[in-house]
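The same chain A turns up in both complexes below, where it pairs with chain B and then with chain C.
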Partner chain A sequence: MTAVSQLALLFIGAALVNNILLTRFIGLCPFFGVSGNIQTSFGMSLAVVFVMMMASSATWIVWEIVLAPLGVGEFLYIPAFILIIASLVQFVEMYLRKSSPVLYRSMGIYLPLITTNCAVLAIATESAKPGFFKMNIALGASLSLGEALVYTLGVSVGFGFALLTFAALRERLELAPVHRLLAGSPIAFLTAGLLSLAYVGLSGWFGL
Partner chain B sequence: MSEWLRVFRQGLGLENPLTVLMIGLCATLAVSTQLQNALFMGVAVVFVLTMSNVLISAFRRQIPDQVRIPIFIVVIASFVTIVDLVMKGYVPAVYQVLGIWIPLIVVNCIILGRAEAFAYRNPVGLSIADGLGMGAGFCLVIMLLAFIRELFGTGRIVWFDTTLISMPAGYAPPSLLLLFPGAFFVFGLMIAASRWLNERMASVRAPKGGAS
Partner chain C sequence: MDIVLIAKAVGALSIIGLVTSAVLSSAARRFHVEVDERVEEVAAVLPGSNCGACGNPSCFAVAEMVVAEELPANACVAGGQKVANGIGAIMGVGAGEVAAIVSSRHCGGGASCIRSFGYAGVRSCAAAHKLAGGPIACSFGCIGFGDCERACPFDAIAMDERGLPVIDLEKCTGCGICVRECPRGQIHLLEMLPEKAPVVVRCNAHDKVKVRKGNCAMCCIACKKCERECPSDAIHVIDLLAVVDYAKCTGCGVCVEVCPQRCIDLYGRGNDAMAADGAGATCGLDVTLGRGA
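Right, the complex of A and B next:
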């Protein structure tokens, strides 16, 4: 198999077959929190793609250069990675506020929220030390930086796609007559269940 | 003492983190396929939540306001590392299944949320009550969810290779309940049921709101 098709499989596997929101339950807080309307979901998705790419490259580099050679990775990776992500997000926020007000307005307010999004920590850890989370069987024992970035891109695009689909459904639900006990969050969960059912149908595609 | 009980009870009922505040959902939905795993997850969360509440509340006057979030995260991450290593060492079978979700307790919104909303503003005693109460509320919901999913999804409840309860012979379990969509369905219905229960209680004027 050529390298390109390998990467394409990695991308599809991460984005659709092992969709992080609907088949792994990672990062559900924004999935229910900001999916009220499409505009905010779009800003959130953009911010997630952006932060995940940054976080994955940072943790990959730190793992390869500092934690693994020193042999302290096993018990320092949790504090190390979360601190990297938190400070990175803080820097990105400050930089965006100064340099690009337009971009800041569209995704800036979601940046602090993303620090405590489990999806970012999960994927950053998975890129640095794959296999740990059993996220995707297409991953080998270790990833090169390029593979890690393609994988992260796939996951974050899948995140955005699922979030936007769900937001569109929820906007329709607002107008639908729903029983008073089910209105609001219960019906949102049932809808998410149906959406997830569709993704489960993809499992096994390309042997992923 | 009555204040302590009031704070404790809030986590179980009126401010239940899962069914009312809807935070910390990821882990709940993911590990609730088996009662045994749910119990260990619940205990891990109670431990981290209470300990980080205590530490943050004890140092609340020393922690500078501007850098409080990173400090909270470091405190939480240290306790999570303890849980991570202890579980890996003593219950490897459970750790194998929970794997991903133990490190992810760091970013569980419940813990950071309580640190910020409660422990940073209240004395140590009350923070313990809050940690235990919120933790108990979390345990209650996650174990109920796991109980329903395991019993109806596999037909029996298993505790470390011993079958505790099993459905009558001939029961064909729908595997949908164990799959990812099942978690969403059962949880959605559970919220609806808890609303119905709350409405009933409010109409009966029962003084306690313990059910979730």
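Right, the complex of A and C next:
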């Protein structure tokens, strides 16, 4: 396989086959929290793509230049990565507020919200720390920075895709004649389960 | 060995922490955005209940718009004059008169209104209204199944024994939800009036006087007695219905006295609203099935 098709497979594998929300069930809080309407879930998806890309590249670099050379990465990666992601998001928020108020308004509250999202930490860790990336694609022992970025882009686009699909379904559910005992969150959970089945069907393809 | 590892761990985290905090603190200075202090101050004066009566999404959004001078100091409907004065002081402008509004009902018929057919369906005004315009003969009056009572988020509306909604003006915030929920709100059965509206006409009928007299004993018969007797030229019969001009009305109560149908009530927060609402409420017609039977 050429390098390009390998990266394409990596992207598809991350976005669809191993969809972070619907087959791996990481980062479910925004999946239920902000999927009420398409507008807000779009803002959330944008913010997730943005933050995940920033977080992955930052943690990859910090792993390479600080944690791995000092030999402390094995037990220090979680606090270090959380520290990096949190301050990165803070920085981005300040920068956006100054330079692009429009973008700041559209991402709004979602930027600080996903600082503590488990999906962001999971993908940052998988990208940066060797041995955490488990997808069955023939790559080296650890991801290069380019591969890490493609992988992160795939995951975050998959996140946004699943979130938007689910938000669209929930908007329809608002109008559907749902029994009152199932109305609201219960029917949302059932819908998420059915949606997840569709994605799990792909898992034969280089699944985890 | 362990000591070295601990030292390395502490060193690694300290390096990361120092670098990020240095970057953040310089960024905070470099990307500092001036936020108008008055936004916080105005937000503190506002009730903060995000009731939405003013039509804006939240109290904080109102604060931002007030400071940006997109809204006047008296933008808060629920807060009243006190909040308006507070905002006016912060913004350095006059508070302005607060045009507080309350809900009112223009019908005195209720359970005593003549029925045009027996209705055994869902006890909802909206459903009944869709069925041939509702079971009551007057197509302008109150159907009386209490959609407004259920819709009111402030518990300010109660259906009384006449089958009419009585609005507790102490609780009414003027949000207007009852008017939107009432199937006849569009034709002003329920209507938002100025808070200090002293009188209210308990009739909404626009059909022929003869027709409405057959439906209801309390309707406005367009006799123009109130129009003639009003000392301040504030009440006029327009399209066969008495209409009060609240800009001119002084609340003297002459129209309430002279109305032969007793379909004008004293109203407004100045009066004992609950008592006043029940004042003119007897209907001589029997409740019978079948029009005029």
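Here is the rule we use: the second predicted complex is superposed on the first by the 195 of 208 C-alpha atoms of A that agree within 3 Å, B and C clash if a C-alpha of one lies under 4 Å from a C-alpha of the other, contacts with A are read in each partner's own complex, and residues count from 1 in each chain.
As a working rule, a contact is a pair of C-beta atoms (placed from the backbone, for glycine too) under 8 Å apart; a residue touches a chain by one contact, two chains touch by 3 or more.
None of the values given here were measured: they were computed from a predicted structure.
Judged by the touch definition given at the top, the superposed model places A:L182 against chain B, while chain C stays out of reach.
By the touch criterion defined above, A:L143 reaches neither chain B nor chain C. In the superposed model, A:N117 lies in contact with chain B only, and not with chain C. In the superposed model, A:V51 lies in contact with neither chain B nor chain C.
Once the two complexes are overlaid on the shared chain, A:S99 sits against chain C while remaining clear of chain B. In the superposition on chain A, A:V89 contacts neither chain B nor chain C. Of the two partner chains, both chain B and chain C are touched by A:F75.
In the superposition on chain A, A:L67 makes contact with chain C only, not with chain B.
In the superposed model, A:L22 makes contact with chain B only, not with chain C. Of the two partners chain B and chain C, more residues of chain A are touched by B. Chain A uses residues 75-76, 79, 83, 87 to touch chain B in one structure and chain C in the other.
The part of chain A that touches chain C in the complex is made up of residues 62, 66-67, 70-72, 75-76, 79-80, 83-84, 87-88, 90-91, 94-95, 97-99. Every residue of chain C that touches chain A in the complex is listed here, in rising order: 5, 8-9, 11-13, 15-17, 20-21, 23-24, 27-28, 30-33. Those residues of chain B that touch chain A in the complex are listed here as 22-27, 29-30, 69-70, 73-74, 77-78, 80-81, 84-85, 99-100, 103-104, 106-109, 112, 179-185, 187-189, 191-192, 195-196, 199. Remark: chain A residues 22-29, 32-33, 75-79, 82-83, 86-87, 115-118, 120-122, 125, 132-135, 181-182, 185-190, 192-194, 196-197, 199-200 touch chain B in the complex.
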